[in-house]
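Worksheet for the structure shown next.
Lettered A, B and C in written order, each chain numbered from 1.
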Amino acid sequence: MATDSSAATAAASSSAAIRLEHVSKRFPGASTDAVADLSLEVRQGEVTVFVGPSGCGKTTTLKMINRLEEPTSGHIEIFGRDQAATPAHELRRQIGYVIQETGLFPHRTIAENIATVPHLLGWPKARIRDRVQELAELVGLEREQLERYPASLSGGQRQRAGVARALAADPPILLMDEPFGAVDPIVRTRLQDELLALQQRLHKTIVFVTHDIEEATKLGDRVAVLDVGGILAQYAPPAELLREPANAFVEEFLGRERGLRELSLIPVSDVPLERRCELSPGASCEEALAAMDRAGADWALVIEDDRCAGWVDRKRIAEAVPNVSAAAVPLARWIGPNSNLREALEVALTSHTRVAIVQDGERYLGVLPIERIAQRLEA
Amino acid sequence: MGGNQPWVRWEWIADNRGQIWDQTVEHLQLTLIAVGIGFVLALGLSLLGIRFRRLYPAITSVAGILYTIPSLALFAFFVPITGLSKTTAEIGLVSYTLLILIRNITAGLDAVPPSVREAARGLGYRQPRLFWEVELPLAVPSIIAGLRIATVTVIGLVTVTSIISLGGLGLFILDGLRRDFLTPLVVGTVLTIALAATLDAALLVAERRLAPSNRTARASR
Amino acid sequence: MIDFLGDVLAWLTDPANWEGERGIGNRLVEHVLISVETVAIAAAIALPAGIAIGHSHRWPGLTTGVVNIARAIPSFAVVALALPFAIRLGLGIGYWPTFLALVLLALPPIFTNAVTAIRVVEPRVVEAARGLGMRERELLWQVEIPLAVPLILAGVRVAAVQVVATATLGALVGWGGLGRFIVDGFAVQDNVRVFGGALLVALLAVLTELGFAALSRWRSPRGVAQTAVAR
C-alpha cells in the first residue's frame, strides 16, 4: 500500500509467495494463447494486482494459481512447493477466493456461507461459531445479518461476506477476481479502503484482478499490467508504473490522468511544508499590516498555541477591531498529514489563497502551495 | 397379442388406405378446430388478464386445473351432457390448450419493451391499431411457441377421443388393442407422431415467415 | 342434470360400491399404488442420470430433444404399445404393460427437469464452491442439488400428474385402477359410473398437483426465490 522507499526495500527483502514460471494457457479449440509464457513472482504479504483489458488473461492467470484452470505448460510454485503436487481441493482450502458478485450460496445464511471452508475442514462447531463472529466483526457485518440469506443483503454487504468467507480458515493467500466490479462507485471506494485497512492488520498475500487502473494503483503494492494474449507488459510498484511506463501500451492503458494518479500515491507527509505569514490573535490592525508588509503577503493565518483560528486578508484587517481575531475567517477546508497530494491539489485549487492548509487534528502543521505540488510531479 | 405376429402387415395397410386417409383427416380436423378455438379464447383471456392484472392468477389457476384433469376424465364429464359427439371431444381438447396458450400469449405481450410502445404512441398509434400492428407482431415468436406446444399436445390427446367412440388415428390404436392386432396399433402411433412432427414444422415455418426479424430470438416455453 | 348429479353422488356414497375387488376402495388403492411405484422407479432411474448429465454440462441440446420427442408420442400409444412388449417379455396383460408404460412416461419430465435444474445453478456459485475447495461430490450435494430441488420436484410433479392421468388408460390393457369405471361405464352406457370414475380420477390428479406444490414449498431451500415451473 505505502509506496515510500522504506516499504519498497522491505518488500524487496521478503520472499516470493507465488512463483509463476513460463506459464502458458491455451483453451481447447482456441488458436492463440490466453496466457503466453508468463513468469512472475508474487511477494509474500503484498497486494499484487493483475490489470489489463479484457482478453489479457488476468482472470485465467488467477485461476491457474488455485487450479481452477490448469496451465498448458509451465509451472506454479506456492511457498516454494510445486502447486500441482497438492490435490486441487486441498490447495484451494489454503487459498482464499473472492469473485465478483461473491458467488455466495443463495440457500445458505451468511453465517453458513462464511463457515464453508471450516466446515469442509471439519472444525468443531463451537470453533466455527467463534470464527464466524470474529470474521463478521473484522469485515464489518452486523450480528443480525449473519442469520440472513444473501439475497436480502446489499451488494456491499454481500461483498464483505464474500471476503469473510474467503478468510475463514485464515489462508495465507487471498485471490480476488474483480471483487468490487458489480457495486456502485461510492460503495466500491469504501470497500477498497476497508480492504486496505484489513491488509494493514492481516498482511496476507493478495492477488487482485481488475480492469480498472485506478483501482490497481490504489490497492496494489505491485501492479502487473497484462496485454491481450496474456503478455506481461510491465510489473512494478504503482509509482514507478506511473512515472515510467515501460511501453506505449502501458502508457495508453494508464490513460491521460496519469499525473493526477501519481499524485494520489504520494502522501502529504512526503513533502516539506511551508510556514507563511502568521499573526497572533491579539495583534492590532497596525501590527498585522506591518507584519504582512514585512512578509510581502496579501493574507495571513491567525495562529494561537499551534491552532489555526482562521485567516485574514488586508481588506478584513482594516475592519479588525480591537484585534485580528475578530476579523479572522474560520478555515473551510484543510487536509490531514495522511492525505495525498491529489487531495492537496484539489483543496489548493479551490481556495482563495492557492495553498492547502495541513492540520493534524487541531494542530496546525503548515501549508502546501500549489507550486510545490506541481514541482513534486516534475521531480 | 399372442403369437409372433409381425409389427406391421403391409397388406392391411394397402387394404385400408381409404380408412387411414379419412381418419388422418379427421384427426387433423379435430386438432385444428381445438387449437383454433383455444387460441381465440386464450387471446381473449390473456387480454383480460393483462388489462385486469388481478384476474390473471385466477385465469391461470382455472386453466391449470383443466390442464391437470386427465383427458379421459374430462371427456367423460361431458358425455352425459353433450353425448358421444364431437362437441364433447372439442370441449376437452380446447380445455387443454388454454393454459399453454394463455401463458405464452401473456408472456409475449408482456415482453414488448415499453420503449417500443412509447415510440409507437409518439408516432400517433392508438388502440386498437397499436395492438394489431405493433404489440401482437412482436409477441409472435412467443405465441407460436405456445401454439406449437398446444398443437403437439392436442394431437396426442385426440388419440384418446377414440375411446369415447370418436374418430381420429386413435381408432386404429384401440382397434389394434381390441382385436389383438399389431399393425393398426403401429400405424396409428406412427401416423400420430408424423402428424405432430409435420404440424410442428409447419408452425416453425410460419413463425419464420411472420416474424423474420425474430429469427434468432429463442422461443419461450 | 340435477337428477344425474344426484345419481352420481348416490353411486359414490353407496358403501356397496366401495367394497370388494371391483369396489371404488380397491380401485383407488390400485391407482395410487401403481402411480407411486412407477414414479419412484422412474425417479430412481432418471434422477441420478439427469443430475450426472446436468453436472457434466455436456450435450446442451439433449433436454430440448427429449422434451420434443416425449411430447409428440401420445401416452395412449405408449400404453397400447406396452401391451405387445409385455406379452413378448412374458409379463402378460394388465399390471405389467400398464407399469411399463407409466415408467416410460414418467422418465422424460423427471430426467429433463433434473438436467436443467443442475445446469441452471449459477456458474458463479459453482465456481465459488470449487474455488473454496469443494470436491465434486461436495459441490453436488452441498450446493447444486439443494439449489436444484424446486425444479427437480417440479419434474417429479409433472411426471406424477401425468402418471395418475395415464393410469386411467390401464383399463384398456386389462388392468384395474379408476379407469375401469370410465371404460366399463362406457361399455354398458352407464353414464353415472363414467362420471363418478372421472370425478375420482380428476380429484386424484388435482390432489397430486396440490400435494407436490405443498411439498415444493416445504422442501425448497430458504433464501431462494421460487423458480418458475416448467411444464
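Assume a residue touches a chain if its C-beta (ideal position, glycine included) is under 8 Å from a C-beta of that chain, and two chains touch if they have at least 3 such contacts.
Everything quoted here is computed from the prediction, not taken from an experiment.
Contact topology of the protein chains: linear, an open path with no closing contact. Comparing chain C-alpha centroids with the centroid of the full set of protein C-alpha atoms picks out C as the closest. The leading chain pair by number of C-beta pairs in contact is B-C.
Measuring from the averaged C-alpha position of chain A to that of chain B gives a distance of 62 Å.
Distance between chain centres (mean CA atoms), chain A to chain C: 58 Å.
Computed from the mean C-alpha positions, the centre of chain B lies at a distance of 21 Å from the centre of chain C.
Across the complex, chain C is touched by residues 66, 68, 89-94, 97, 99-109, 116-117, 120, 149-152, 165-166, 175 of chain A.
Per the touch definition, chain C reaches chain B in the complex via residues 1, 4, 68, 71-77, 80-81, 83-84, 87-88, 161, 164-166, 168-169, 172-173, 179, 182-183, 185-186, 191, 194-195, 197-199, 201-202, 205-206, 209, 230-231.
Interface residues of chain C facing chain A in the complex, by the touch rule stated above, are 122, 124-135, 138, 143, 146-147, 221-225. Here chain B touches chain C in the complex through residues 1-2, 64-65, 67-74, 76-77, 79-81, 99-100, 149, 152-153, 155-157, 159-160, 163-165, 170, 173-174, 176-177, 182, 185-186, 188-189, 192-193, 196-197, 200, 221, going by the rule given at the top.
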